[in-house]
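Worksheet: the structure to be examined is printed underneath.
Order of writing sets the labels: A, B and C. Residues in every chain begin at 1.
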Amino acid sequence: MNRIYFDNAATTRVDDDVLKAMIPFFTQNYAIASSIFSHDDGIIAQEALEGARGFILNKLSAKDYRCIFTSNPTESNNLALKGASFAKKSGNIVVSKIEDLSIINTVKFLQKKGFEIRYVDVDGKGFVSLDHLKQLIDDNTILVSIQHANQEIGTLQDLSAIGEICKQKNCIYHCDATFSFPFLDIDLSKLNIDMLTIGSDTYYGPKGASALIVKNSLELEPLISGGYQEYNLRAGTQNIPAIIGMKKAIEIFDKETFNYIKSLKDYFLEKINQIPHVRLNSPQNASHPGIVNATFLYIEGESLTLRLNLKGVSVITGSACFSKSLEASHVLLSCGLTHELAHGSIRFSFGKYNTFEEIDKTIEYLKEDVAFLRNLSPLYKED
Amino acid sequence: MNRIYFDNAATTRVDDDVLKAMIPFFTQNYAIASSIFSHDDGIIAQEALEGARGFILNKLSAKDYRCIFTSNPTESNNLALKGASFAKKSGNIVVSKIEDLSIINTVKFLQKKGFEIRYVDVDGKGFVSLDHLKQLIDDNTILVSIQHANQEIGTLQDLSAIGEICKQKNCIYHCDATFSFPFLDIDLSKLNIDMLTIGSDTYYGPKGASALIVKNSLELEPLISGGYQEYNLRAGTQNIPAIIGMKKAIEIFDKETFNYIKSLKDYFLEKINQIPHVRLNSPQNASHPGIVNATFLYIEGESLTLRLNLKGVSVITGSACFSKSLEASHVLLSCGLTHELAHGSIRFSFGKYNTFEEIDKTIEYLKEDVAFLRNLSPLYKED
Amino acid sequence: MPSIPYSKKVMDLFLNPKNLGEIENPDGQATEGSPACGDIVQLQLKVNKDTQVIEDIKFKSFGCASNIATASIITEIAKGKTIQEAKNLKYSQVVEELGGLPAVKVHCSILALQSLKRAIENYEEKNGLVAKDRPTDEALIKERLRGVIDPNTGR
């Protein structure tokens, strides 16, 4: 059975061209990159690595920045927040309430280490309150971390406005762009961003690669000590095959890919109107082109994902029943959804390997399963 | 030109079967592993991941241990040392002087954070002094970290004796087995090892995978916060293709591979006698089967590696001229070598893709280049 | 085939729940909610006043597969039993009938069982069989679920 994979916000299939670009680095140019005075094998590896680094910096118009390769966005976010905070020694940190767990749990960790954490409110669609942000920042604020695209509902923050506020208030601004880059252009020559996290495996690149783009002037305490790789900020042999794959994935991600994914989303949004009592949790505008988060009122999300799964559809839910910690999605709750509304939420995330036909099928399955589960629900009274 | 790669201690070519095992996880079973109640794609990934974890624990006879996957041995070593030290809050840490930089620079970091560091002496061939170790450990010792095989000269420590001492003194024992596993068997049911670091990319597995094997009872503070992966000790999406490759590489590493590599080393040792004034820095016994470290007296190592490189041979040197920090190998200096002796040291590390013919060629090149450089050297007087 | 951590029995009942729905003019009923994950189970009974046998029982659920399956099997077990027998039903017994539950989901079976017991209490109270009812507030639910709502251990 060919499954319908609508979980592209979690991770994507690696593109065949990306894999092809990686292969030589497994079996031919496999040497480590650190020995610049040594042998040609090492120098070839070094050049490939530095080529990828330069390419990424250039793509982001990042002139006075370093590109630190890490193993995944979680590590990049940790390096950004712990690295900058420990370098500053004390102060307060401002983050939005809807950040990824790699930010939320990192600031919880920093709180235990003596830093004060302040959370910026978001509105019903996840947009950060700029007024609240301004209020929260004071002279002791060392760092603001506010993401670009949200991982559950797709909301896009106004990086330009946030960067401007941080600049005026003279504090470091870190932006987690894991889920937006390279879908959306980011021009660091025009934005006031001090640190930027980008990933690889949500745009057809491999797992095992990510980068933290950091202003040259910014001091960081490394998380991982050892060899003298990555400007002495991230020790350990670099995963060159993955980095080459990441580069290739950025290279081949074009406007056409963007438009195709967006057209899938638009088609889905049009079709989902056929199901009654659906609440859209994603914003209409300023939203990631590949994601729709919707609540099917009166039903519980784990039951729905499970039924869809049996029909071959892969999605996830923000229901508490689904999460390892039995807590409903902190993103949805922060947007003001009740537990009940979070309970029935489903994230559909589309990718370039999906088709319109898959959406048609999924809408049919949804009709059946939602009706079945509503029939089961003590909350649902037929109109 | 077909190059002669004798830098297998740095990293190895990925085995074709390993790559073959990885491929489906790039383009078919690419989902993330964290959603066990969700969709089949996630569950397939989860099962592959847990299969690899179980396989590795079983291979090491590790009954009451967790297997925490990380991105490379440097990270595993950092997690072990920082994780255990921060969990204990204060105390002293004992390490050998010849550990990899990922240990040496990690304890330097911990020193800045208030921990006391004590260094165990080694003898002329790199063997840790067990008497000195016993003297150094006291009631405030929280952790001992002593490696298995040395990365530059191949010396194998007596893990059983070291473990016994740590057990008697009641302190945690971490062993960095990056360069010995799976060349040498490690049976955790018989050794008193609390934490063990293993790698992947020095035995024909891919980069991007490593594991820290940790006793269940041992508490660690995570380095990387975020999602609830890896027993909550290492957040972030797991690099499943790399982990699957690591598993496969362990699976196919057999006695035959070991014997072949060892026979290359023996052949090389026999042939190198043809060159005068060579000092073997590696021990004769209790040594890694794939490594020979030798000093060519009166010459400087970077010059020699450069000349060999031009003839297509990849090796490295412990010469200060070669290192990024212009410091001679701390391993060789700790073994009591003078700067002069460290200067002319070369590491030859053999792997299963090398041939006897490559050794013959290299010996010929060595004869020419060593003679040439000695002729250049003010220290050398022809006998 | 990958294994969702639910037994075949749980999946069967999840897909085809028994005794689903509502009873008109029930003799006893209860709606229980879990403070752990926010789900709701509703149970309704018809009881023979002479024999005290549960003659009909129906449920509705706003919960996960484990919750649905547990509620379903409880209705099957309870049907035809006296209220006394039904009250003595142990949750370990229910879990066993289901072919086990993932640790993190054991609390769902407790919740379903609680609503059965509450529905019986409601019947007893309406028929003057017990003196006074204590309202089900969050404190009471937490008390009942104490020790079983740790999602990581299920205990």
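Just so we're on the same page, a contact is a pair of C-beta atoms (placed from the backbone, for glycine too) under 8 Å apart; a residue touches a chain by one contact, two chains touch by 3 or more.
Since we're looking at a predicted model, the values are computed, not measured.
Student: For chain A and chain B, which third chains touch each of them?
Tutor: Per touch definition, common to chain A and chain B: C.
Student: Which chain's mean C-alpha position is nearest the mean C-alpha position of the whole protein set?
Tutor: Centroid comparison flags A as closest.
Student: Averaging only over C-alpha atoms, locate the centres of chain A and chain B and give their separation in whole Å.
Tutor: 34
Student: Find the geometric centre of each of chain A and chain C from their Cα atoms only, then give the gap between the two centres in Å, rounded to an integer.
Tutor: Using C-alpha averages as centres, the distance is 40 Å.
Student: Can you check how far apart chain B and chain C are, centre to centre, with Cα atoms defining each centre and the answer in Å?
Tutor: 56
Student: Which chain C residues touch at least two other chains?
Tutor: Within chain C, residues 4, 64 contact more than one other chain.
Student: Residue numbers in chain A touching 2 or more other chains?
Tutor: Touching at least two other chains: 302, 306, 309, 321-322, 324-325.
Student: Going by the contact rule at the top, pick out the chain B residues touching chain A in the complex.
Tutor: 3, 5, 7, 10-14, 16, 19, 23, 26-28, 30-32, 34-35, 37-42, 70-75, 77-78, 100-103, 105-106, 108-109, 201, 206-208, 222-228, 235-242, 302, 305-306, 308-309, 312-316, 321-322, 324-325
Student: Within their complex, state which residues of chain A touch chain C.
Tutor: Touch residues, chain A against chain C: 298-300, 302-303, 306-307, 309-310, 319-322, 324-326, 328, 339-340, 342-343, 375-379.
Student: Touching chain C in the complex: which residues of chain B?
Tutor: 36-37, 40, 43-44, 46-47
Student: Can you list the residues on chain C that touch chain B in the complex?
Tutor: 2-5, 64, 102
Student: Okay, in this complex, where on chain C does chain A touch?
Tutor: 4, 14-15, 17, 20, 31, 36-42, 60-65, 67-68, 104, 108, 149, 151-152
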